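Input: structures, listed below.
Same chain, two partners: chain A is paired with chain B first, then with chain C.
Our next item is the complex of A and B:
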C-alpha cells in the first residue's frame, strides 16, 4: 500500500491493462470525440493499447511528475505522432486532448476500487494521476499549437515570394505592382529584388504601382519613400502610380511629403511619363477597326 | 600612403574607387579632388563606386560632402554604379543624399554630365548675349 508516499499507479496500470483499455475505448466513444471516418475502430484500438503499454512502462520508473524526463521519451514521441496525424486530419485541439483526458475515468474507477477503504490514500493517488494526465493532455495541445504556428510561418513565407514581382514593361522601364500590406520585412524583399532587377536590366525608370495596397499609413509611406530613395541612389527615377482618392486624402492628412516623387493616378499615365523620359513617343497609326 | 587616382577626360574628372574605402583614404580623396578641380577648372566630376561593396555612415557622409564640395567649385558631380546593397545601407542609415545626382553606370553618368554641362554653358551664353 502506498502510505509511505510511493504510488501504486504503475502497479494498477500493469495489473488491469486489459480492463483499462476496454473502459477507455468506451469512455472515448461516450465523450463524443469526432471520429467519423477519419480513424477506424481497429486503428484507434491499436493506438490506445500502444499508448497504454508505453505509459505503463514509463510509470514503472516511479517518476510520475516530470514527463520531460528521459524515461518518458517514448510516450512523448507517441503523443507527438498522434497529435501530428490528427492535426492533419482536421481534429480540433479539444478532440486531441480528450484522447488523454478520457483515460481519467477508467483509471480513477480502478483506483477507487483498490482503495475503497482508505480515503486518504485514494485522494493522494487521484491527485498524482490527474497531475500526470493533465500534463500529457497539455502536451498534445502544445504540439497542436506548434504545428499551427509552423503552418502559418510557412504560408507567410510563401506569400512573400508570391507577391513581389518586378516586371519589365519596356526597354529601360520597370514596373513594381505592389499587392497587400507593406511591412518592414516585405519592403526589404521588395527593395532588394527591385534594385537587383535595376542592375540586371539597367533600367532608368521604375513605376511603383500601389493600386493593390489597401491602406497607406505613415509606416507604409516611409517604406515607399525608402525604396524610392534607394532606387534614386542607383540612378533610377521612380514614379508612384495607382493612388486611389482615399489614399491621396490619407497621405495629405498624415502629412507625408511626396513632393520629391513623381506621382500619377493611373499606371497608364505613369507609363506615358516613363516612355517620354526615355525618349519614346507614342503615335496612332491608321487603326484596323 | 595609397591614393585613389583621379583621371582627367577633357573637361571632366573621373574618379574610380576600386578599393575598399577607409576613413583616411576618403579624407585624402576629398583633399586631392578639390585641389584637382581648382587646378584644372573641370566642369564635371564622375565618381564611380561600382566596386565599393561596404559603406558605413562616415563613408556615406564623405561621398555626400565630396559631391557638394565639387558643386561649390562649379563642377557638376554624378555618382554612378552604386551597388544595391550599398543603396539599401545608405537609405537605412538615413543618408539618402538628396542633393547628389546619380546614374546607373559610367556611360549613363557621362551622358548626364555632358547634357547638364552643355545646358549650363548654353544658359550662361544666353545670359551674356542679353547683356
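Our next item is the complex of A and C:
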C-alpha cells in the first residue's frame, strides 16, 4: 500500500473533500446522466456532499474491501435510498450506477498527483479505490434489481385480483370467466369470490368459462371439480363452458370424469342452458321480421 | 435416431411449471405438431413437472427435438433425485395418489404420449421420458 504499508485513500478523501466534490459534480454532468427536471442542481450537490462525507467516515476504519461490514452501514443506507428514489423517477440502472462510478476519475486524479513519483504505490492505491467503487456501484444495481422484482411481484398480485371477475349475467345467473394459469393461489381467490357472490346474489346457476385457460391438467380439473362441488352444496348449479376440442380430447385421455358436470363448448350455449334452467325462454318476436 | 436440438431446465417451483408449459408449447409449435398434439404434450409435461416438484423435491427437464428418417419427434425427460416410487405399477393406476390429487397424472400422461419410459429407485430418484412423434 502506501509508504507505511497502509492505504492513504482515507486521508486523501478527508484532505481534498471540497475539490473532490467539485470534480465529481463536473464528472457526473459529463457522464451524461439523465438529469432534466428530476434532480435539481442543489439537490444533487447536497446528495454528493453527504455521500462523500459518509464515504470518508467509513474509510477511516481502514476497511476498504468489505462494504457489508458494520462501519459501511450508513453508506449502504444512503445508496439504498438514492437507488430507490431514482428507480421511482425512472432512471436506468446505468444512470444509477454512474453516480458511484463517476467518482473514479476525480479520486484517481488525486491519487495520481499524490503518488506521481511512486508507481508501485499508485498502482496499489488505484486498485483499492477501483475495487471499492466497483462494489459500491454494483450494490446500486442489486438494489435496482430488487426494486424491480418487488414491483413485478406487486403487479402479479394486482393481476390476480383483476383477472378473476365474477359477472352477473342475468337475474340468478353468474358467469366466471377464467383467464390464464390456474395456479393454486389464484384458484383459492376465484373460489372464494365466486362463493361469496353466490351468497350475495342468491344465484341459481353459475357458468365457469375456461376459454382463456390454455392448459387443463389434473390440478386444474381438480380445482374445477371442487368449485362445482362447493357451489352445489349451496344449492347452485354449475356449467363449464369454453371446452375447446383439443381440451376435450386431453381431458378424456387424462381420464378426468366430468360426466357429473354440464359442459358446453361456447359461453353462449351455456347461457341458454342457464336461462332455461332458471325458467326463462328466449324467442325471436314474430311479425317484425 | 438423431437429436437435433436439446435444452435442459431446472424445475423446482410452481413458477417453473408455468415456464415448462410455455417452453414445451414453443418447442411443439416449432416442430410442427397439430394444436391437439401440442395440447397433449403440454398437458403431459405439466403433470410430470408438477409430480417432480410435489413428490421428487424438484428436478430437471431435458427437451430433445428428434428426427428419425422423415419422422420428427419431441422427447421430454424428467429427472429428480427424490425418494423414488416404491411400486410403479401401483403409481400408474388411475386414481392412485399419495398426495391429495386425482391420481391421474402419471397414467394420464402415458395415454397422452406415444412413448413412456419410467425408471425409479427408492432413495435414488425417478426418471421419466415421454416422446411424441409426428
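The definition used in the following text is that the second predicted complex is superposed on the first by the 185 of 289 C-alpha atoms of A that agree within 3 Å, B and C clash if a C-alpha of one lies under 4 Å from a C-alpha of the other, contacts with A are read in each partner's own complex, and residues count from 1 in each chain.
As a working rule, a contact is a pair of C-beta atoms (placed from the backbone, for glycine too) under 8 Å apart; a residue touches a chain by one contact, two chains touch by 3 or more.
Bear in mind the structure is a predicted one, so any value in this text is a computation, not a measurement.
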Chain B versus chain C as contact partner of A:255, first or second or both or neither: second
Which of chain B and chain C A:245 touches, first, second, both or neither: second
Partner chain(s) touched by A:179 [first = chain B, second = chain C, both, neither]: neither
First, second, both or neither for A:214, with chain B first and chain C second: second
Which superposed partner A:222 touches (first chain B, second chain C, both, neither): second
Touched partner set for A:272, first chain B, second chain C, both or neither: neither
Partner chain(s) touched by A:191 [first = chain B, second = chain C, both, neither]: first
Chain B and chain C footprints on chain A, overlapping residues: none
Residues on chain C engaged by chain A in the complex (per definition of touch): 14, 18, 21, 25, 35-36, 38-40, 42-43, 46-47, 50, 94, 101-102, 104-105, 107-108, 111-112
Chain A residues touching chain B - in the complex, by the definition given at the top: 188, 191-192, 195-196, 198-199, 202-204, 226, 229-236, 260
Residue numbers on chain B that touch chain A, as the complex places them: 79-80, 82-84, 86-88, 90-92, 96-98, 102-105, 108-109
Chain A to chain C touching residues, read off their complex: 181, 183-184, 214-219, 221-222, 245-247, 249-250, 253-256
